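Below, chain A partners chain B and then partners chain C, in two separate complexes.
And now, the complex of A and B:
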């Protein structure tokens, strides 16, 4: 017969907890087939609507592209839009999925049971959303392949540098994600806010056009989001073949975001969690 | 370091909530904030291996106490030590050393199988994989779910879900189990099975169990000691037999009769009636009520009680003279029934 408490904490046991959280997310994902179908087609459909609008404005031979090229630094609008939209979709996923996974646990009634486990909160937050980040990376590869087949993509430049930019940007965006998770703990229903902020990011961060066309004050606001810097850097690297030295200034700004936002976000989350524990509203929905 | 495994020490525990109430007319300030003292100073000591029950009506504060013991809720004041660990300062140690059953049916993932659920929580409890595998099959066997371990939980009955929730609470083999209303909403057979399982666990493995319930029979049957709680205070604390002995000079006449607004008052006026409590009829009939009349001598009072019912035209469906139960102790202490 087993005797004594069985919990044995170690770095490996934390790794197993993270894997278990990810596996649970994956099992829930594949057991709702409509989520899988939506994942396969939605990002492509979302990208295509903007590509066809751009195609209309460009004209049959791309006669009207000169103005766009002057602003964007490239006439390859398909690649320009695809990069912007995919990064926006991916970072949206990272940004909201921490809060959304908490929300799902609230709705299922299992949030408190996770909170009762002796695992660090940050592990629950990251583990709950990690599978969606992986799925989202799969999206990017899938849609890039689909768009390349349909229109041809001319991505050039250093892919490792692009991956580094993505990584730094993702860490920064995760910091925002903690803040959003804190909001979910207090205000519960996140959808209205999600839609509002997603749209603001789409408008401000240069997802479908260069931010240089925005009015001056809005450009300043846009520079407060890591997404703006990341998308600009990725386009510079992948469409214009810029080097590490060329983008190092922007990358340094992203790195500051990547240090500051997660620290501030997690601090905000812990403060709110304490507040919710005092109020006794963790399981409310 | 486990401290005093299986023990609970509570000193001067208080919990105050801020509640919002509709203020009414103004659009810009539709609510007003009020303070609600849910736990109003509780001192309690539970010994290792003890089966302890918190008995009280809904809203008395039972679940609030359990939620503070298991670290989900922060006390407003007071000190609480569970298994020797302070619930505020050593919350992680407390969590690792307890098993909790809260709103059982919803405590597992319905889109996962029983086995997947237990594997998931075993990883979150840092149980090494090899130990987890044998513990999971042992527990599935124990709660009689082995043959359906690979089915989605959504296909389980309420009783099976509750048994799985119990298995989850036992995963890390804690010395202390906290069970919040473990049989609520279950059919009598499932409730009896759960009660027997819990009693066996406490007896055979020497676990401390803290059980909250508003079923007096459950507390009477399972608990070595019972704390009766009302309005956030423990108003009586002793073994069930000792609590009932406080009423040793009393009989209880139970009468189920057609609901009549004046009957309770009339019964209070019967010679020899000490307390009268009216509760919903056991058969769920909307037109009948069950009255528990405390008397010095039930048999002597019975004719007068029946006469009073007849005078008011209340048809008597059932009548019995019995010994006091824990519910009668509660009535005696508070003047109202547990399910009022």
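And now, the complex of A and C:
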């Protein structure tokens, strides 16, 4: 009697599917070596661009640093900007990869075939982007090293606490990514939407400046994004050496996002998926 | 009487029109791209402008003035956004549209038509360049409304500098199209150039801010003088070289890239046709 046929679903089969998807993502990534080279330099170049703008505003003798310190709580604009930009880039990568992996399968005509496999859809979404999350964490470490070499970073505080904040924030953003994937199924063309969302997050979430300089109503909107809380917490821990107790309030808010966003995202994705399957437009592009 | 396969200026213009219509239809089919074209330059510029206010001391930016010779940073940054927007469009619109056709499997069919390759390439960029120009006009108007600024402009000279930069960038776009034919997956390189070049040419800051070795690189890129000259003409900032010299360098670069870009594309295209891998991805 055959017991372990391919179509029997089990945690082990899901694990194998996740592994296979991750391997496929890795093979695809290294198949185009220009991406590997780009990943080594792009985040640094992107960060430097803003650092040099800030250096111009600071002035040759640091004439305007007092103004920045009064707003941001630190005169170390290099570390302030680097933390915000790297987290923004990391979360962008997550958002981009979830939607984009679906879109690429629509374009290549493989989406419907994968959808027929006895694998939970959510696993297909996570598997399509997991390798990029790992790569993204690697280049965060790389850029921190590169910026430290070029300018000298003064990071302090509890790194484990920083890692915990990153983890909670990433879960929340993954949930946001599920909503995004739902939009891709209906709207088809995700690149434009990704661009728009990325830019809005850059403006609102205090990536390169404290959100206190935004007008009041925009500050309220900014607080609706986990990225705002995560960046503020990471700066508090890494630049000002704040403890768990100091940031526990903000961390609790992030934890609420981390529970609510994935639930809402999954629900939205299932609803939309049912809708496009009924209409037979899953693989349309 | 012209048959469908006879090439003449009229037939090239008809193809140009048809391709432009196709590009517009494609754009309208994905309306979110129209929203992005208008909002993106604004949303990318806004954080930099807000960063400026984070450094303000009693409403003034003394550090910025010391570096640039300009008190108001808003038009200074806006001017940088003009060339970076066209740069992004030149890189994405020509090469990337070839890539899209490779993926969709329509590149070889289009290549079989008796249309001049220049028409093929220019028609792809015409829609994008027009869209970028309209977006820039809207962005300048919105920023003027939000922040208010004054230009000390010689508009005729500013137009000439923008035109020369535009021609230079189209040439760069041709080279990039050749790169796409050769290496297929060019997104990474496009991103790299789109982000690195504004950093190197000092699109949003004076080259003097860069470390010494990067200043040498910046001064070796002719587009640096395009941004520098445009900023001087529009906002009166300090220049690296006398204005006439900067415009002459830009003009020479535009002539060089237009010719070299086209030759480069022809060379690569011939190679791909010999190898039979034009439509491969």
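The rule we apply is simple: the second predicted complex is superposed on the first by the 275 of 285 C-alpha atoms of A that agree within 3 Å, B and C clash if a C-alpha of one lies under 4 Å from a C-alpha of the other, contacts with A are read in each partner's own complex, and residues count from 1 in each chain.
Basically, contacts are C-beta pairs under 8 Å (C-beta built on N, C-alpha and C of every residue); 3 or more make two chains touch, one makes a residue touch a chain.
What you see is a predicted model, and the numbers here were worked out from it, not measured in a lab.
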Partner chain(s) touched by A:45 [first = chain B, second = chain C, both, neither]: second
Partner chain(s) touched by A:219 [first = chain B, second = chain C, both, neither]: neither
First (chain B), second (chain C), both or neither touched by A:8: first
Which partner, chain B or chain C, touches more chain A residues: C
Chain B versus chain C as contact partner of A:72, first or second or both or neither: second
Contacts of A:116 with chain B and chain C, given as first, second, both or neither: first
Which of chain B and chain C A:195 touches, first, second, both or neither: second
First, second, both or neither for A:250, with chain B first and chain C second: neither
Contact residues common to both interfaces of chain A (with chain B and with chain C): 32, 108
Touching residues on chain A, where the partner in the complex is chain C: 32, 34-35, 37-39, 41-42, 45-46, 48-50, 52-68, 71-72, 107-108, 187-189, 192-193, 195-196, 199-200, 202-203, 207-210, 213-214
Of chain A, residues touching chain B in the complex: 2-10, 13-14, 16-17, 19-21, 23-24, 27-28, 31-32, 108-110, 112-119, 274, 277-280, 282
Parts of chain B lying in touch with chain A, wherever the complex brings them together: 2, 5, 15, 17-18, 64, 67, 70-74, 76, 92-93, 95-97, 100, 102-103, 106-112, 116, 119-121, 123-129, 131-132, 134-135, 138, 168, 171-175
Complex interface listing, chain C residues touching chain A: 30, 32-33, 35-36, 39-40, 43-44, 46-48, 50-57, 61-68, 73, 103-104, 183, 185-189, 191-192, 195-196, 198-199, 204-206, 209-210
